[in-house]
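These are the structures, in structure tokens.
In the two complexes that follow, subunit A is the common piece, with subunit B as its partner first and subunit C second.
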Partner chain A sequence: MRIMRGLSLRHLNKTETAGPGAVIPIARAVLVDMEPKVINQTLSKAAQSGRWKYGQHSSFCQKQGSGNNWAYGYSVHGPRHEESIRNLIQKEVEKCDSLSGFFIIMSMAGGTGSGLGAFVTQNLQDQYSNSLKMNQIIWPYGTGEVIVQNYNSILTLSHLYRSSDALLVHENDAVHKICAKLMNIKQISFSDINQVLAHQLGSVFQPTYSAEGSFHYRRNPLGDLMENLVPHPEFKMLGVRNIPQMSENSLAYSTFTWAGLLKHLRQMLISNAKMEEGIDWQIRPPLPGLPSLSKMSLNKELHFNTSIANLLILRGKDVHSADLEGFKDPALYTSWLEPVNAFNVWRTQRAFSKYEKSAALVSNSQFLVKPLDMIVGKAWNMFASKAYVHQYTKFGIEEEDFLDSFALLEQVVASYCTL
Partner chain B sequence: MWIPGASLLTKFLLPSPLLVMANPFTEYYIVETQPGSNSLLIRVVGDGGSISKGKICSLKARAVLIDMEEGVVNEILQGPLRDVFDSKQLITDISGSGNNWAVGHKVFGSRYQEEILEKLRKSAEHCDCLQCFFVIHSMGGGTGSGLGTYLLKVLEDEFPEVYRFVTSVYPSGEDDVITSPYNSILAMKELNEHADCVLPIDNQSLFDIISKIDLVVNSGKLGTTIKPKSLVTSSAGTFKKWQEKPFDAMNNIVANLLLSLTSSARFEGSLNMDLNEISMNLVPFPQLHYLVSSLTPLYTLADVNVPPRRLDQMFSDAFSKDHQLIRADPKHSLYLACALMVRGNVQISDLRRNIERLKPSLQFVSWNQEGWKTSLCSVPPVGHSHSLLALANNTCVKPTFVELRERFLRLYKKKAHLHHYLQIEGMEESCFTEAESSLSALIREYNQLDATKSMPVEDLPRLSVAV
Partner chain C sequence: MYVTLDLTVPALALLGLAVNLRVTLKEPPGYFPKELCSCSFNSGRRAEGGRLVRGGEALIGGVRTRRVSGEAAIEPQRADPAELSAPIGPRRTGSVSAPDGADGTQTPGRRSLAGVGGASRPRGDWARDKAAAAAARDPSEAGAGCMGRRRRRVDPADAAGALPAAITALSRALPGGPSAETFRRAKFDRPEAAPALWRLLFHVLSPRPADDAAALPTPEAQARLVKSALRSQGYPRRALVQLPEDGSQGSRELLLALSWLLARGPLLERLLAQIRVRLGDEMPVCECEVLASPGPPAPRVEADGCVDIRHLQWLMGKLRFGWRNLITSQQEHCALLGKVHSYTRGCHSDRSLGHLSVTEAELLRDPEGGRQLLRRLESENARLEAALEWRRRELVFWQWMDTVLDACPPEASQPTFLPRIPERGAGELELVARELQALQEELQAVVETRRAAWEARVGGWGPGWKATQRASEEAVRQELTALQRAWERGGGLAQPHGPHRLVRSEAGTLGGPGLRATEVIKALRSREACLEAALRQLQGQCRQELARLVGALPGFIWILPPGC
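After this line comes the complex of A and B, so read on.
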């Protein structure tokens, strides 16, 4: 799946929507891809909307892709196009009054988004060491996108873990289910999937009130988000959950209360459900006073999803009346952070999309342990037989690099497991 | 081949007289680019070099035609596609290679090396971005087999970064060329070492496909009128009497294969796949680069009362032996990887549903249980609403190679016809023994993989880390 097939950098101080007669706003973004088709489509689609567009010269394109080869994206395209890409980014940075950071959207399964994405992120760390970087990663379907997707994924994750500040993960499988079950779409296309993703991103990054009150909007959502959610560099994996999420037809028959929405959202968090249907209500937080169930081995089922930190974003009517006590329960969190530090809330009375009331929960929790463990396991099995490794060594990624990646990710899995 | 923005170079080698490839491929190609191609910018390559938008004024195949006897090339140059081929991109000789790999490889190879290089470089210059070479040849004769594989080495040296895709026609058991086992084995060594990807084809399979279509057309059943343009075997407006010109029909099938292979690189779609991704995903070890191809559908019914073939049926057909371009049994052998290249109005959910449905009946190697590579191109082929090309890297190619080796050994033991080869400068008996051991090594690799077939899939112990 792809919002951009390659990757796109968006600076967070995006221009606001303009009124009629005003100049059409231009996204503060740089689009990068190693083959032209997707970027062309993207540019024309945006321009067609009439409401916004991408800058004419803010994209970088080549003719031939990366062949699903992380090594090619990282070791060949990266150095080759480093300067051109850097210049494009520099131009956008100069347009900002105050740079909060970089938001990098990329996929893991292919060659460009993953390999070149990792390279560019590393570059950003060198060039703009004081700016924050968040990478939005598309976690591939468990099966059937790209055969070497597990190799590409572990190489991406290990490199990003070293050079990025936070990883916001979207799983294709989860989004696909949302389209099927909640949105009732029969023949799901990538367009549908992208729509859900855009909704999730919008629900997080649309303006909210700052701490000073309802007359000031938050100036630096990226920074605030990272401050709230990434207290320790070992734990960088973030996920988003939304409620409600449904088709237009269903919406007509539904009414919402904050109590109802938040109750479901809390259970979604605890049981690691990705959507509001099929939630397992049996799962409960561990009782206080009992020995903690930490130090679980990987073989045991992780039923209860322990959080490090949570950020709740509420949008809509009567937003100040919502009762948040459920999220302040210390049982939800790991022991080394007080709930007062682990839980934060952002609010705005402005409704989002078509929902009178809506909530988004961004969490740093164990939600990704199982998928990560699975990818590492599959990649390891493949690596043991040395299958496809010659395709990577051809371009300078050696077996050592693979082993380093495995070691780093096993560490991440272990750390999250023992929360 | 002609591509706006030009990212491919195709070369045709005509191994007389087995296969005439050029006609159908280019013809279909013209049909593929003409309708509704308002978004294409066509570059006209003439002596002036001018650019014209919109309608195709004049189209030139980016191809080099090579044959060591003139008959076949002349036929093309007098046929309906004569304007498509640039007469300067031909290399011909008079006497042919006499079904002798050594003549094709050693004699003509060295004689024409410079000329070949020059014409290749010229063609390559016209490309904005040269992605790959397609080499189309046969294994059993002298030119296609010998000179064709010589070319692979030249391409590798001159354009090391450009992928080499080879479509090879393997000889059948009843081949009337006595020395075809020698030629094939000698060519196999070159394919092993210098090709990135090989799509083996045999004439018998192509013939079977034609027969099958013939059955449907002539069965006289109600509602079995076939849309002429949809036939995988015919490019003309009507269904020709194929018995008179079977090779045309057979060639059309291979042309369709190549069109489907390149469709995702030429047209847009929700899940693009470039040609370099084929090699990356389907070739887990350098030697094991032989892919079994199957095409579906073979035709579309014209009667509107008959419901269009269900999408799921198309996926099932792709895994049926009737649609394969080489005789093999992938379902009972081991898959190393499989690619599904879909064209037309098909969504990602359809693709995933069908993979889930078909998976249980197929055996994949333990370290690649989910070895599927998929692509979606929005533009279907002419006459169809959707189509599918499946490429399988499967151990089922082994019997073909084993049989080839056996036929070779039978001849070689008796030293039959060997003198024709050894009298050529540069040829020694060691060429034969090396070729045979190269093939044996390949067969051994497949054997090793097959041995893992019935073993239970176990997870290997992982790296342990201190917490």
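After this line comes the complex of A and C, so read on.
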């Protein structure tokens, strides 16, 4: 689990080349894991690049893991190591000139890591109650191997929903497909998946201009993003889509226009597609003029993905000439929020990675309703027969906690369904 | 016939004038009326004559004025002349605690006798000059402090130019002041003078100084704001309210309103404090600014039909996020201020400050910024000098205003303007008053019975009990007063007002006068505790109300949010 701090402009803006005497920027991050293996790998991989690295003392790990148990991570590891982790975080916070917030990267269905992550997030909520917190969580594979992954998922989600401000969700299945279809990778490894994730995150959080027509960069992207997308306490689930995404070989032979990119991106949003291949073009927004209740049932039949709010981020050449009318259509949004409030756009002329033009869309929409419903359903079926529950009650997670989690998530599903 | 234009002693005290005049004019030139002794302005002042008004040295730059044979001698405070030679250096914002915003910046007062904006001689010389001239003119005067009455002789040659000079000084001290000619036209109620006076009143009365012309509202909106502001301050003349809002008429009324405002309170001082150039890093200590100027009333937005509660929750959430982002940037601001202060330790020429503020550091870095600051200081200086000039000459203006008042047609109906109470409301008020009365009587009765019962119980006990009773009563009274003090603003310590300059000092050094940050933090924490207690109480009330509503609707299961 990795906790990245908000941006300290001093450290992360250094652009000196990595000569022998140059200062290499150090990431404002704290890495936490119960086993040393992954952390060591991460540290060495970063340092190898020569361009940046993690701080030497900004990681926390124990000697051995502890059997993939969410309750153990939450109730035992958490309190035991609370102080050390908190000190590490405090040290990083003190180095910041401007603390925009916390960005916590963790998996949802894991055992110790997820439980510990939920505990640490709660801790951050108590300690830094005014700071913003975004959790980036990895949605497990639909056909996962761990039998209790659904229990872990609902416990993680419900705890995070209470203590975090926004949940940025990446589905393993979707990223896997991107690697296979778009990047044409045969043997997909974790580093390939991480590459795609990093690309998506970078396309969202890299600097953009702060206002229309200005050339000053936005000082607080995390804060602005949250203010635009997740002010409502019931709707915290965010997803990222970006276009184009392809292997470097194909990149050389492609040209892009904003019109084409945005048309595909819009349809990806509406049809809940995760990548630009295999989009269902049949799905259309409903016609205006229908009363809202029938609109809802019509949307359900058509699998139309209604959005609450969208943030579009454009990077590259001629970025000011892009036509955004397609995203300002009120049919895309709920009845209680006008497009002028629901839709925001950030721009910069600087190209991202190697793409001459690229666009990313962060959206608060119904995209997770079905997967969430499925997980809650499966977990409930298991819980009804009390299967494996003793593993949790052994370490302090009682049945009431399960019931609370189910209630909260059912509420989330209901809220998103009745948009 | 005379409207209550009030020149009370406190107003004068704030102006820092020792008023002790008897006016005798020989030849009335153009603007001057023949008989002055019966004017309301002057008679008011004469009544005050002879009283030494020492207080209120918080005039611009803390100078006291004294009238000596028609001219004011400005005595400097104990300022070293050498210090005041450069315009930037001696702008002493070093006095950390300020009774009001306007002091602490002493104008060098570079003036000569010849008129406005004269040569820049060092102050000490000029003061000595003035004192010598004053002494030459009126040898009966000795030393500071004027007691008793003095004869004031006006030079006729001076008198002719005195009124335009006074009005010019006034308009230069005010923001966007019109020319003396406009004032003269206003006396005769000429319509061409009206727009300028509307604008002037708007600038004077609007809560925040409007710097850029682009943000100015329409003349109609300006007129409406002027009327409502004057009404809320209690302006008594009805004729102003009846003026049309297109700004085409009523210059005489506007002129009267302006003089009313000027006479009433420290208008000039307030306006000058608003444009004060701040050199230090300032932090507000009290909430007075926020409370005193609530700003123009927000336009009402009618919600047509029902509003989706999710939309409201969305807006509340945006507010909360905005607030959190604000806290973050405030913390960043403090961190960076701390850095600037600690890095520039030992750089300031003023030993008691010890380090530079952000403005001063910028001055060193950027000469263009320094030039702009100099220009702002010079314009502020010009306005302060105009204000001083005005103070010297204002008597002539008040005399002239009397004539303006005379020129007005008499007020037909009642002079005071009462708010209109609707008929229905009057009945309800009656009801409420009666209910309050009944409640009070009931309370009284209950208190009486309880007291009698207590007396009966206690009366039988011995005299020793009386002593303990008295002691406990005393203790209770003390605790109540302590509680009351703790609940009042600022707690026990006398809370100063206005912005304070932040000065970072080494731990252990006592530092100069002013507030310690620890004390302020303590006072703020106690205030925070009081507010939190009040919040909890209000939340409890809301919870009770919710519980009552819950009970009223059968067939519903309410799940209250956590923490309730």
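Note that in this section the second predicted complex is superposed on the first by the 383 of 419 C-alpha atoms of A that agree within 3 Å, B and C clash if a C-alpha of one lies under 4 Å from a C-alpha of the other, contacts with A are read in each partner's own complex, and residues count from 1 in each chain.
Keep in mind that, in the parts below, a residue touches a chain if its C-beta (ideal position, glycine included) is under 8 Å from a C-beta of that chain, and two chains touch if they have at least 3 such contacts.
Everything numeric in this text was worked out from a predicted model, so none of it was measured.
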Fit or clash - subunit C, subunit B, common subunit A: fit
First (subunit B), second (subunit C), both or neither touched by A:Gly55: neither
First, second, both or neither for A:Asn220, with subunit B first and subunit C second: second
Touched partner set for A:Pro285, first subunit B, second subunit C, both or neither: neither
Which of subunit B and subunit C A:Leu132 touches, first, second, both or neither: second
Cα-centre angle that subunit B and subunit C span when viewed from subunit A, reported as a multiple of 10 degrees: 140
Partner chain in contact with A:Asn381 - subunit B first, subunit C second, else both or neither: first
Which superposed partner A:Val230 touches (first subunit B, second subunit C, both, neither): second
Subunit B versus subunit C as contact partner of A:Asp97, first or second or both or neither: second
Per-residue touch tally on subunit A - higher for subunit B or for subunit C: B
Touching partner for A:Pro339 - first (subunit B), second (subunit C), both, neither: neither
Touching partner for A:Gly202 - first (subunit B), second (subunit C), both, neither: neither
Minimum C-alpha separation between subunit B and subunit C after superposing on chain A, in Å: 9
Subunit A residues contacted in one complex by subunit B, in the other by subunit C: none
Residues of subunit B touching subunit A in the complex: 5, 7, 128-129, 131, 268, 270-272, 274, 276-277, 279-286, 337, 347-352, 355, 366-374, 459-460, 462-465, 467
Complex contacts: residues of subunit A adjacent to subunit B: 5, 35-38, 41, 62-65, 67-69, 111, 141-148, 176, 180, 187-191, 193, 376-378, 380-382, 384-388, 390-391, 403, 406-407, 410-411, 414-415, 418
Touch list for subunit C against partner subunit A, complex: 308, 310-311, 313-318, 320-322, 324-325, 327-329, 331-332, 335-336, 562
Parts of subunit A lying in touch with subunit C, wherever the complex brings them together: 97-101, 130-132, 162, 220, 223, 226-227, 230-234, 334-337, 341
